[in-house]
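Below, chain A partners chain B and then partners chain C, in two separate complexes.
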Partner chain A sequence: MPMTVKAAEMPQFEAGTATDPSDPESREHQPARSVSAFSLAFSMPVVVWQALFFLLPLAFLLVLTLWTVQSFRLIPDLSAANWARVYGTGFFWDAYLRTFALATSSAVLVSTIAFPLTYCIAFHLSANAQRLAVLLLVTPFFTSYLVRVYTWQAFLADEGLINSALAILGLGPLTMLNNVGGIFIGYATLCLPLVVLLQLMSMANVDRSLVEAAHNLCCSPLRTVFAVVIPASRVGLVLGALFCFILTFGDFVSPTYLGGGNPPTLGILITDFTKAGNQWPRAAVVAVTMVITLLVIAFAAVRFAYKTRRSAL
Partner chain B sequence: MSSVLQIKNVTKRFGAATAVDSLSLDVGAGEFLAIMGSSGSGKSTLLRMIAGLEQPSEGDILLNDVSTRGLAAHERDTPMVWQSLALFPFLNVLENVEFGLKMRGVAPAERRKRAMTWLERLEIERFAKRAITELSGGQRQRVALARSLVTEPPVLLLDEPLSALDAHLTMRMQSVLSGLQRELGITFVYVTHSHSEAFSMSDRVVIMSEGRIQQIGTPRDLYLRPVSRFVAEFLGANNIFSGEVREDHQGEKVLTTEDGPIRLPERAYSRALGERIELVVSSDRLVLTDGEAPNRLSGRLIGEEFIGAGVNLFLETGSGREIIIQVPQRELNDLSLTPGRSLTVGWLPDDGHVIESDDRFRHVS
Partner chain C sequence: MSLASRGKWPRLALMLYAILAYGFLFAPIAASFVFSLNADRFPTLPLSGFSFAWYEAILSDRAVWDALLNSLRVAFLTAILSTTFGFGAAYTDYRYNFFGKGAYLALALLPPTVPVLVLGLAMLAFLSRISLSGELYSVVIAHSVLATPFAMAIIRLRLSQIDPAIEGAAWNLGASPWRAMRYVILPFARPAIISALFLTMAVSFDEYAMAWFVSGLNETVPVRVLSILQGSVSPEINAIGSIVFTISIALVVLAQVIYTRNQNSQNRRMSH
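Up next is the complex of A and B:
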């Protein structure tokens, strides 16, 4: 069940961030000209792709929110009752705020942990070592995220590897599972390599003469990180945090298997709705709310990342 | 003249390669010093060592008589203007200029005032709130200058700052630079590969090659009295004759060449008979002649090159040697420049300049 939800969500996020902001805008700026059959033929795949994998599922999801469920059976309908019901409950808003807070703090936390690593790779490694580092950052993707989260259970459990080691030293046991700490470990497992790669994309391309110019103007190396490196690699830093937010906002695995599943996040809420009473329409209401939230966040983040300095003030 | 900058036996090695080789140099207060050399000559490395962006392998650099050994770049007051300008794209013009003051802890109101003064001085105050990307090349150049000068440093380092500009803008920036330098009395150390920039602005020019100073002197000195064949060829526009010192039938010292004897300047009369020397004659000291001249050479016209007010003519002598002669435009009006036409050039013996036969740079020509 959870996998169905994820599979439906993922392409939509990609479509939202990658195509929507750039495509229609760039076309608007071009002078009007007659549409040739040739250009039409070449733009068709984009349109078809968008329609098939973004608009159609989204439309279906929206329609589904208006259906009703009677005796565990889906009845096509045009009822706003699901929206009223879901938005009228306190636990939905609790879950929404909790999920939002978790995703936001994981974006901040994971970005903060990733930054020194990225900085080290970008500024202190040779070109060969950089390539090796990138290769190593890709290797976690060889294994399923679910498997990696299960592996953490073996480490973090009350009788797990870490607590057994601590017991030998006469320490512990520490509770590391079924709490927020467990969730963040899962989120870091999910996002850290990707966030480092995204940050690296920008930081490796920061003009070295900017860093030298800052030193030359009496800016100490530590201060240069904040005064030059961070603003100069803003695109990668923002995109890294954005992807971390997107991935964790919709994640079901870490909150369930490392966080204990209670109190629920929106991802867990969706599965709960579908399991209890076959409430697909209410699950769809939650899903649509999540899609809209992510679209807003993604648009805002991309706009902020690529904001060029204008003669403001 | 007191020294602002003293470079003492500085060597810089990168692995097995030596970029700067036990180089010593004194730069006076208020001096405009140009450092020239082809790429790989070590000129940029020298500049980077002064700025503290590289540390010397050996030797020391003194700023106002204080050793800079162990001082990091951010602990020195040696601002630099980069070839790429290295302006901060995420800051506007005013913030870029304020940067150095902010790092020194100058209060916001004060640093804004001082930055604005510099923007006015460089006539770009109306762009204060602009983004760097909204400026033209020349305007960016001025921002880079203002950013480096705002702290009123004793020395300003410039690393080929004009190389990205087009020709007429380069000329304008040259006059801006030399005007500023004279007005402020700040020492400029200016690295360039452009002859016109080095010769038009600087008090002294350093010619570097293979990490060493080949010659240092005023532009006029270098041009008229190069010490080696390398310098003479590097500065171009020179005719270099090599041969042995002999005495002609009138008892005057001459240089024997494949194109016949050439009379030496009186300064070179002390040279021993049979000594191998090289004689440099600047292209602008040669004149076209049809009659008598103490030194004469004939050749076929093989090419011409317009250089604004004058023309460089290229002749080939009987022995196949190429001679460059610089002729003012007005002299060309009644001269037909048919390729292959035979022309005779002449010059006064004292316009020749003798350099040692330098085997190190023999491979050239």
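Up next is the complex of A and C:
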């Protein structure tokens, strides 16, 4: 089943690029002696395309924050008014803090929920069962997140599936929709498979003899986990949490359809400013703020993940 | 591999936990199938009768058919573009060392780490400046930016399995780099290229945020779902979701079958 291999290694590859100037295998090739039409034909299309349709739009977003809107038309300008307007409102900062807090707690929460599952897959399953477990983790990527969120609504609604089951038992009803709990269920739906896969790529490589040694030294299983397994799989744990943060920080679907949409998150602000208000420059201010926040967080997390390990014990 | 084989209870508890976690992941997927065949608009326990009403509703809905056609067009073109770009980037990373390679790889791999809403807004603003927004090809442009890194990652993995001496041998025997590419690298990478085509197609088929921003009046399936969500509750979403899921999984399985068959026949050829 090569699919499992592919899926398990894909994040590994992405993650690896952060540190692999010394990739052993690329040193084996002879570096190109000269720039040829051949090498350009393969290397340049992606550069041109991503520069034109990835970098340039992002750069334009920065310019757009300085433009103004007059009677629904964008006017090129050099005005700080949008920044002042957005940063001057309390509800922007409320939304920022709320989004940041939601993303941080979902990174912690989903990583914590994922860890025992990853541990179980890495240490308690046979090779075949592991492949099946990974295959099952990949399956949700091929279902629509929107449809899954919609289905959670049917489970969690006041007259939904769970409450009608509780009613049969004479319990409830519980309010599970349009609150923070609903948002976290959506976030876990979005992130859990990816977080487990990222954790797994590190934990699968933890030196088994270290774990054995800890056992032989009569280290309790729980202490072995904290003293050996967690430090040794730090890269995967941190990258898992980071991707969970990135995904949830930018998500508007769960906060809207499971969280009720009010008070808004930054993602909801962007859709509101763009779709309803026709205030693209203000949406751009929010978007640029999000990108800067994510850059800082990602940089810090990657540094922390790959810093040289000190003695863990 | 029972390293932690001391203590039966912790192991059992872990297994139970794993089953619950998988249950959580698959509950909405399975329920969506069930609800799509359920007569009720609001599913409650016990479930009411079996019905194809929601499938009939979407099959007779012109907007859903248009969206499906749009999605297929976009996914097809996105797959071709992003696999082409992804192959070029993967081959460049595999074959060459050069100044600025880190920046090159970052440019090729970063798009999925930027929130799709931000990318969508950036695309909408930029493309409408150069009069390229609001059309189906706008969605293709946006999706190909997002999907290229996935294609690159898969093809790069495959290239790292190639014996680096083979291409050099072809060059030494007088093959031009183009011929070596045609007769050595491309055949070897073919299964990964096919996988990349299907995976990028699936990425495009599921993407809703960028498509919602730049597609204008040309709705794709996820955008259609989003607008149904914004309106009223309708189990039509479950029916659409079930059909889309079946198509996606069929594509993935197909890609895997082709991949495995190619790899097997290639391994046989190499061992002769």
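Convention: the second predicted complex is superposed on the first by the 254 of 313 C-alpha atoms of A that agree within 3 Å, B and C clash if a C-alpha of one lies under 4 Å from a C-alpha of the other, contacts with A are read in each partner's own complex, and residues count from 1 in each chain.
In this text, contacts are C-beta pairs under 8 Å (C-beta built on N, C-alpha and C of every residue); 3 or more make two chains touch, one makes a residue touch a chain.
Keep in mind it's a predicted model, so treat the numbers as computed, not measured.
Asks: Quick check for you: in the superposed arrangement, does A:60 touch first (chain B), second (chain C), both or neither?
Replies: So A:60 only meets chain C here.
Asks: Who contacts more of chain A, chain B or chain C?
Replies: Higher number of touched chain A residues: C.
Asks: Which partner does A:234 contact after superposing on A: first (chain B), second (chain C), both, neither?
Replies: In the superposition, A:234 contacts chain B only.
Asks: Just checking: does A:193 make contact with chain B only, chain C only, both, or neither of them? Give me first, second, both or neither.
Replies: A:193: touches chain C, not chain B.
Asks: Classify the contacts of A:51 with the two partner chains as first (chain B alone), second (chain C alone), both, or neither.
Replies: Touch status of A:51: second partner only.
Asks: Looking at A:78 after the superposition, I want to know if it touches chain B, chain C, both of them or none. Which is it: first, second, both, neither?
Replies: In the superposition, A:78 touches no partner, neither chain B nor chain C.
Asks: For A:219, decide between first (touching chain B), second (touching chain C), both and neither.
Replies: Only chain B; A:219 stays clear of chain C.
Asks: Using the touch definition from the top, say if A:210 reaches chain B (first), chain C (second), both or neither.
Replies: A:210: touches chain B, not chain C.
Asks: Return the residues of chain A at which the contacts from chain B and from chain C coincide.
Replies: Common interface on chain A, chain B vs chain C: 212, 215, 221.
Asks: Within their complex, state which residues of chain C touch chain A.
Replies: So the residues of chain C touching chain A come out as 1-4, 6-7, 10-11, 14-15, 17-18, 21-22, 24-29, 31-32, 35, 42-45, 81, 84-89, 91-98, 101-102, 104-111, 113-119, 121-127, 129, 141-142, 144-145, 148-150, 152-154, 156-157, 160, 164, 168, 177-178, 181, 195, 202, 206, 208-209, 213, 222, 225-226, 229, 233, 237-238, 240-241, 244-245, 248-249, 252, 256, 259-260, 263.
Asks: Which chain A residues qualify as touching chain C in the complex?
Replies: Checking each residue of chain A against chain C gives 1-3, 6, 9-10, 13-14, 17, 21, 25-32, 36, 38-39, 41-47, 49-51, 53-58, 60-61, 64, 113, 116-117, 119-121, 123-127, 133, 136-137, 139-155, 157, 159-161, 164-165, 168, 188-189, 192-193, 208, 211-212, 215, 221, 224, 246, 249-252, 257, 267, 270-271, 274, 280, 283-284, 287, 290-291, 294, 298.
Asks: Within the complex, which stretch of chain B touches chain A?
Replies: Within the complex, chain B contacts chain A at residues 51-53, 72-75, 77-80, 82, 84, 86-92, 99-100, 103-104, 129-134, 147-148, 151.
Asks: Looking at the complex, which residues from chain A come into contact with chain B?
Replies: Within the complex, chain A contacts chain B at residues 207, 209-210, 212-221, 223, 227-228, 231-232, 234, 308-313.
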